[in-house]
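Chain naming follows the written order as A, B, C and D, and within any one chain the residues start at number 1.
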């Protein structure tokens, strides 16, 4: 399915400043970039860095005092499979691919080491597998209130576990922390989300099950089939849409995404979908 | 300089358990492994995983109920350069190698985002460069009491900044957090430390300055020239000497390291030392 | 019912030190001190301070370097009523006696302000009254693991709400925090507890319901009818059995309490029990 | 010196709600209420509760859905002494009046137990006495940035010690926590503050020295001689100007205070000022 998406970010700079942006769609097996366009005013050179394996694309630019406007647009083709959640198992630590072990350990906003007991209490008796991670999402959806402005950039999973209010990044952090506490590798995913209202960058997470990464979202704010991946990391610390070094104020931010009308391609079914572990794989969203 | 080093870890397992060990010396330009030996009782297969770029070596083994004894010995040759600290500058975010940016962001035990103001207060007016990172180490050495058993595996830099007591991993975490708060990439390093009393795994950190990673240790418990690197990560979460999945108790742990008597090789001086960024580079330790 | 109780505390002092002890049984309408005896070695003068209204008895003594042994024994007669829990209602803030409002506000170990949402989620839909506070105790008993040594003197209700492991003071703090979050005045109570194994000072709490304070204990380690009150406060910060100013080490601590064999007095029933609000009132413990 | 002061608070109530106000000037030896007036719209009955010893005045009223406007005005005469700070000593725990010990222990926003080491590091070597508490205030003034909106009602001294930014209540909490960590009884004081811009309720603290409570303010936002006491407590948890039970929104708040022009009475000097411990005693403010 094709999506036209993009963002525009406007800043006022009181001093020369350096920006690291993570706003471009990732290119991988399930995301193909048909076309894309980046415009920067004033015209400046910039560097692009693509991290190995997860293909996050970072742009760095150093901008003189004054104004900065950066616009990104792309047309992205998402392909996905439909799978039967009941056949998707957890993988014990003895068998996890060694490169996924990194995503088992706690991180700045996901203190899974401190949530072991709570995770065991709430989910320890559930059948391991996709359904258990879904249960984690349901728990968070039911118990945590989504409230804009209720948290900030210091809020972490530990806080949300007690205080029960947050925004999408907090829902993702708690999902990740619970998964890791149950020995399920989990990681943070920043996306453009089709149908998200109001339009904004969105945060969700992936858990490693069976033999690949599966996308989850405890907020239920938009269907996962319309998530175009921007960046993946241990948590929000790694994939901020903009990291700023300097005396800068954001004047305006616009994010948009819409489906491009076309003949719907039929999703491939399980047997056709031998994907490498970095693919976006999609299990039908029961909530939409 | 050559070191003979190793460890022995003994466990009792009440159930089949999986272990991830990070106990082998890293192999890189400044560390050459002359010989090494790994013994596991009972005899078991194990997997080894070497992370790209930083060359951490992880061993995974799944062990039946009963006993486990793992012994590692190695002879390692460390080479290093002597440099003049006054010539070693900080690199602004506009010029940092893009792959180091990852080490600017906060992590589980290094909440650099929350220590910005304190870092600015204490170090913001100092001349940027090697000496500023040394000042961070001096501050920590002078203000934080080293006390075994005073902290645990949940303790983080934020706690140490207020409570002022900890062990080597806490000293490292606070050093890393302060560096990152000043836009200096910093990372955690687990080492075998020659002359450390009592012998134990040791933690310190590296900061990225000039054009490479430099080793720092705020504890002053042993000279840095005798540090043999085991693992590098965002913080302690990434390089635990043993991560255990199962019902396991440690019965005994022994770590040792000694210098192998030989004719001392003269350290190369600056001009000879074109090293890649993963090299161990050493600035003479004024405290020994 | 009569109880013989007491404690002995032995200290080594490296310097002249001041102690504040809170180890004497309270004297009030439901606790009558038949006899008591305090011995201090070396023989020293001490001051006793009884706080108005709640009748906590504090002993202060300043002791020279050397040894200190303090022994307290008392025979105390506890009287209590049996009441029907179903008739015991909560009192809305509009009607609470004004002097109880103080016990609605958060304190050092009871961050009720941060547990509002969690308390509403778990208990907000329950019928207000004695049964709701009992439900709080049941929740804590079922979800928090009692484990000696798992916490320390800095641990607070907020930590227990997430980490789900603690000792009697932690169980009490969480019970108090949940009550206050639901606008039920609650306070910490230190007691001698008959049948507690191993023998030790014990912590529980009181909640203000109907027209008096009722005793609750989420640990179920001993029956409440055998609790002899030592001190009452906002939380543990107010009623430590020993507060020490100086370089002191505790060498030994012994606590004991036993029922004195006698003809059992029949407890007064509801209509006879017009008690002032400081009385110990007892609702039969269903767990024993 | 005479002050005319008062406040007006306007609320919209979506449901019947109970309010506890702490807005009336305290009456004690240094504060005489010449006249006062309380107006409530709609006209309602209310209860007043005066806490023993510290004379906090709490008003409770239950208000139907709709609007509430409460206005308080008073003319208050403040008397004070001038004392020589160099003669004002600290009192060791062995000699403190027993009723002040309560103010040595940690509270919700003043985790003095966790700030022991930091307090010792920064102030442990200073000469005990008034000057040491002044040094605490100077440290806070110099190191903590005053910034409206930077904190909230959950912020505590522990946070401020690290994050170094807050408002008047945070400055007070940190001052109290440091004092208690040094065994100086300290307590929170809510006041009307003459010359405070913009006009607002103000928070500061008292420390027990020599033989009475002395007023301190680390913010330097207004001279202490113009502080009219409203309430005293362990910390802000005890003396909120308004505690609300119900679905209520504040529409407007106005606070004012001005000096009433009159012939200045000369302050009594030391020898005349045998005051009970609840008196406001004032040491000349060097910062104004």
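Here, contacts are C-beta pairs under 8 Å (C-beta built on N, C-alpha and C of every residue); 3 or more make two chains touch, one makes a residue touch a chain.
Keep in mind that this is a model prediction, so the values were computed, not measured.
K.L.:
If I list every residue number at the interface of subunit A and subunit C, are over half of them used by both copies, so same, or under half, so different?
P.N.:
Copies use mostly the same positions to touch.
K.L.:
Counting in whole Å, what is the centre-to-centre distance of subunit A and subunit C, each centre being its mean C-alpha position?
P.N.:
48
K.L.:
Can you give the whole-Å distance between the Cα centres of subunit A and subunit B?
P.N.:
Subunit A and subunit B have C-alpha centres separated by 31 Å.
K.L.:
Of all residues in subunit C, which are in touch with two or more distinct other chains?
P.N.:
114
K.L.:
So with touch defined the way it is at the top, what topology do the chains form here? Options are line, ring, star, complete, other.
P.N.:
ring
K.L.:
Go through the chains and record each pair that touches.
P.N.:
Result of the pairwise touch check is A-B, A-C, B-D, C-D.
K.L.:
If we count contacts the way the header does, which residues on subunit A are in touch with subunit B in the complex?
P.N.:
Against subunit B, the touching part of subunit A is residues 18, 20, 47, 49, 51-52, 58, 60, 62, 92-94, 98-99, 101-102, 104-108, 110-111, 113-114, 153-154, 183, 234, 237-238, 243, 245.
K.L.:
Quick one: which bits of subunit A touch subunit C in the complex? Just the residue numbers, please.
P.N.:
114-115, 117-118, 121, 143, 145, 158, 161-165
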